[in-house]
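Take a look at this one; I'll ask things after.
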Amino acid sequence: MPLKFPFRARRESYPPDLWTQCPGCGQMLFNKHLDRDLRVCAACGHHFRLTATARLAQLLDPGTFSERDEGLIPVDPISFVDSRAYADRLEAARTATGLRDAAVWGFGSIEGRRVAICVLDFGFMGGSMGSVVGEKVARAAEGALAESLPLIIVSSSGGARMQEGTLALMQLVITLGALDRLRAAGVPFVSVMADPTTGGVFASFASVGDVNLAEPNALIGFAGARVSAGTIADELPPGFQRSEFLLSHGFIDRIVHRSALRAELARILGYLAPAGGGSGSGTREASRG
Amino acid sequence: MPLKFPFRARRESYPPDLWTQCPGCGQMLFNKHLDRDLRVCAACGHHFRLTATARLAQLLDPGTFSERDEGLIPVDPISFVDSRAYADRLEAARTATGLRDAAVWGFGSIEGRRVAICVLDFGFMGGSMGSVVGEKVARAAEGALAESLPLIIVSSSGGARMQEGTLALMQLVITLGALDRLRAAGVPFVSVMADPTTGGVFASFASVGDVNLAEPNALIGFAGARVSAGTIADELPPGFQRSEFLLSHGFIDRIVHRSALRAELARILGYLAPAGGGSGSGTREASRG
Amino acid sequence: MVDRLLGLAKQAEHPPQAAPAAPPDPRATVWASVQLARNPRRPHTLELLAELASEFAELHGDRLFGDDGAIVGGLARIDRFRVVVVGHQKGSDTEENIRRNFGMAKPEGFRKAIRLFELAERFGLPVVTFVDTPGAYPGAEAEERGVAEAIARSIGAMTRLRVPIVSVITGEGGSGGALAIAAGDVVIALENAVYSVISPEGCASILWRTPEKAADAALAMRMSARDQQALGVVDVVVSEPGEGAHVDPAETARRLRAVIIEYLTTLAATPPDELVALRARRYRSLGAFQDLGPGPEPTPVERPGLADRLRRAFEAGSRTLGDTIGGRTVGGRDQREDVGRLQEDDE
Amino acid sequence: MVDRLLGLAKQAEHPPQAAPAAPPDPRATVWASVQLARNPRRPHTLELLAELASEFAELHGDRLFGDDGAIVGGLARIDRFRVVVVGHQKGSDTEENIRRNFGMAKPEGFRKAIRLFELAERFGLPVVTFVDTPGAYPGAEAEERGVAEAIARSIGAMTRLRVPIVSVITGEGGSGGALAIAAGDVVIALENAVYSVISPEGCASILWRTPEKAADAALAMRMSARDQQALGVVDVVVSEPGEGAHVDPAETARRLRAVIIEYLTTLAATPPDELVALRARRYRSLGAFQDLGPGPEPTPVERPGLADRLRRAFEAGSRTLGDTIGGRTVGGRDQREDVGRLQEDDE
């Protein structure tokens, strides 16, 4: 079942016949080429953000994605209003992206290997995690557990969604609880951190992959760099909160260029969830790590 | 069964009618008073090292100690000779201490609570761990496991015993394996680090207590301070490798004055191994931490 | 079991609140709570323990990097219960505040908490946590040592812990740094405690573009203890003496102690499997969304659920909604079937 | 099962050693091995993996503090086996040596190893470790971050791991820093590898009061691979091509690969409970002592055990005792009954 969006498709901000300036190197990139290059600058390697649709299309074997829980929609549990009501912000995000919220999950295949996959879309309110995103991540973990399929989550999020108050915060518990049950059952979870992975998303599911991958130069951190620099008068170290910083500090296994991500995932799953039951590996049992 | 040593009793280096100079403050201490003060300087609090006999006498309820495996004696597995043969060093240590090796273990009571206890004696070749010490620590853990009694180990050791070569090194595996089985069974282990606790003893059983206690100002470290300073030209931080340094770096739960150690052990065991099965505590089960 | 807890939550709310004389300005009211929650004379974990517990043996260190003064923990005796306590500790003066980093934990604080949680589980000891922090330390060294990972691991440990966990929000429940030790089976809050996904100043800076609007943000986020109770995030609110906990720490501790003991009593009788399953259910119910079901066409008909009930409740303007909605909010998810693979033997 | 492993150990020692032409000076011989073990051109973990494994995906970091270049690890495919590899990595030039800290791991290196061991267990992957280090880093920062605790935890993790562990001493087996990743079900050593409780220089400094006596210390500690095989610490010795591994890394890797595959094959067929029990037995047998039994009077009659057999063997002056004593030494403990509470179903 192909990916289907009940709402109007997102208006591509980069029409294919126009040019986009790379924020990495300043070069003007022809959008058609940028799309062909998986939205990575051919000159400097800057990774542009991807929509959920584009991410799934890049990672999964064509035609294999089957979405789950597409009917989950956010509500406005605390009637949140700042300069604009949460309900209005949701409506605007729906219109802009064609998504119902910032997460999409389902089953699909990567190089013939079936997986459960959940991707976040930064375009929907900064990929922020409210109740729908938390629920979808948890259901993805439960779907992976039920079918003993590896779970992949691709994060791109500013963190918890303020407009849902502490209910957004509770999604940290919900997602981590579901992932802990997955871990106890010995089902693999690979976390992929794309730009940005911050706040409550980094402080929950994104951190705890059996293997943690990151795209190059993604912003990854808990406190936003501005908050961090503003609150405490530290001189920030170079590369602060970027993928390479996280790698050298021990929180990321590998930094993977987008063009290699699909093959890399297949390769890692070849170890953690070998097709055919792992004849070559040792005795497999669901031991608690 | 009281503690009994088959060999000639250790010649006390501090006859009770003489004085000892405190290395902490330089004061002359009357030995009788020093003994009364549990061999702690009344002026500056310097903790003198204790023999295994004195340590057991201080910690256990009188007359409750029953030694186990007192028949284990070292051999000279690699015919080690430096300026002196290992066999000769063993003989000299035996004569000086009345011990067969640097560890004594058995069962006893602390404030009426039965425990398995193993103590090291620095006087026997620097408390070094060869095969006998490793075996006794392992048997103490197994004794604790068999009787579901808490285990206490009081360390005072320079580390692995070079004269037994890699067989001494293997005692790290032997002791840690036995302690891991104890941990899996939910039987508590309290490690007490006395001066000094270094090298292979610190890198094995002494580090992994459910609760780690230390006497004040004990030397505790992996590489000897001289080795460490000599090998790498670091400026050593103040208090390097002393109890307080270890506390601030997160490896010790509490620093306990010798006069409080017995009560402190009883108090902690009151939580981890409550007499009467812990009616007030939650459901008790042997879960793997 | 859920009913038992719910019943308990209602009873435990003692002494009953007197009805407010005049309808207060809700913005001023919540901001007053924020100020009280931050009052430096407010009793913190160690001050409360001195009154609550008959014995406390502090345990130090994460066994990895350091001993974080912003989170304290150890073995304590509360009435007939032997427990492991973990709590934030702010200072009561400048010197102590610096030493305690104003209650803002670094990764080593959360990793100490994890170590103590696992110690508690290994020896079958219930856990009691006291939550009072502006948030995790936002400095560069905390980022370097993985503060987000440490928070995630701590929450994860709490979700699987096979012993009871009673969490008490005593002051500021600041975001992930609070939640890291607040994911209990039951969440108690002092009357003037606050709990929010981000500090009101942070929220105001981002959404109102000025920290001056912090009181507005506090109101919009419904961060008061009573509003959190209405949401179901807090189970029971314990009233404070006089103008606030700081005027009578001993009485505050006495009131908390009674509620903690009631919950420990109930939870200690719950088998570990059930405990873990109920805890998972508790948090899973704390999400507000609708499910339109599969199919390409949206069916925007809202079922009356948690969200509706909350909206109606909040629109009524009451500050003490918890009373009307009940100690724990479990609605809105009743019609849903797939709450995970939990054993729900007694339902 | 023990017999199976013993038989395998004997077979696996290929190609057979040619008898030495003239009796060599044992002190010079062991010191030559120390020099070869330290030869900067000797292949280290990554160089060996390039030949041994058809695929290697390095995984980084301890999830706590940093990524230690002195210990590498990841997922590898060796023949038909998918395994987790952990190994020391020295540099081949000055720049790399500085980056790799000369193969001296800090706490984060050992904690990365623990993380990978647990990953291996969770997914049922056998572990292969490559050991080549002067020792753990002895600097102040390693002490501050608990290098001893990290080593202890790593060894502890290996004792309980429910997957096969094949350890290979490829160069310097330096004390606790080596053992931290060397506590395998089987320990293979290259012919010129060395293994000791302390560096020969360190031993000489303490016991001879001068590092100049390092060669004497090396001999006294019996640190050559063959002597370690005689002790039972090493199970099988793999000969090196030509003057040593560095002259033909590919051939060295080829020979190691065959032995590793043989052991992986045997161990993969062993149920996890048995694996853990056999591993415990293996190490428990590596202690040399006598038991005079209870009673106040010593009975100094030595039973012929491991110690006697070793003493006789070493006094014979042979460098290749492993051949005569066998691949694994399990004697000396045969009469003892209390080897722990292990399941010994097949004995």
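Letters are used for the chains, namely A, B, C and D, taken in the order the chains are written, and counting of residues starts over at 1 for each.
The rule is short, and it goes like this: a residue touches a chain if its C-beta (ideal position, glycine included) is under 8 Å from a C-beta of that chain, and two chains touch if they have at least 3 such contacts.
Computed from a predicted model, the values in this text were never measured in an experiment.
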item: Both-way neighbours, i.e. chains that touch subunit C and touch subunit A; value: D
item: Whole-Å gap separating subunit A and subunit D, where each centre is the average of the chain's CA atoms; value: 42
item: Centroid distance [mean C-alpha coordinates] between subunit B and subunit A, Å; value: 51
item: Whole-Å gap between the CA centroids of subunit C and subunit D; value: 50
item: Residues of subunit D engaged with two or more neighbouring chains; value: 63-65, 145-146, 149
item: Residue list for subunit B, restricted to those that touch at least two other chains; value: 249-251, 288
item: Graph class of chain-chain contacts, one of line, ring, star, complete, other; value: other
item: Listing of all chain pairs that touch each other, if any do; value: A-C, A-D, B-C, B-D, C-D
item: Contacting residues of subunit D [partner subunit C, same complex]; value: 63-65, 107, 111, 145-146, 149
item: Residue numbers on subunit C that touch subunit A, as the complex places them; value: 136-149, 151-153, 155-156, 158-160, 173, 175-176, 179, 183, 195-198, 202-203, 206-208, 216-217, 220-223, 227-228, 231, 233, 279-280, 283-284, 286-298, 302, 305-307, 310-311, 314-315, 338, 340-341
item: Subunit D partner contacts - residues on subunit B that touch it in the complex; value: 4, 6-7, 69-83, 100, 130-132, 134-135, 138-139, 142, 145-146, 160-162, 164-174, 176-181, 184, 199-200, 202-205, 207-208, 221-223, 227-228, 231-232, 234-237, 240-241, 245, 249-251
item: Touching residues (chain side subunit D, partner subunit A) in the complex; value: 55, 57-67, 75, 79-83, 108, 112, 118-119, 121-126, 162-164, 267-268, 270-272
item: Contacting residues of subunit A [partner subunit D, same complex]; value: 183, 186, 188, 210-211, 247-254, 264, 267-268, 270-274, 278-285, 287-289
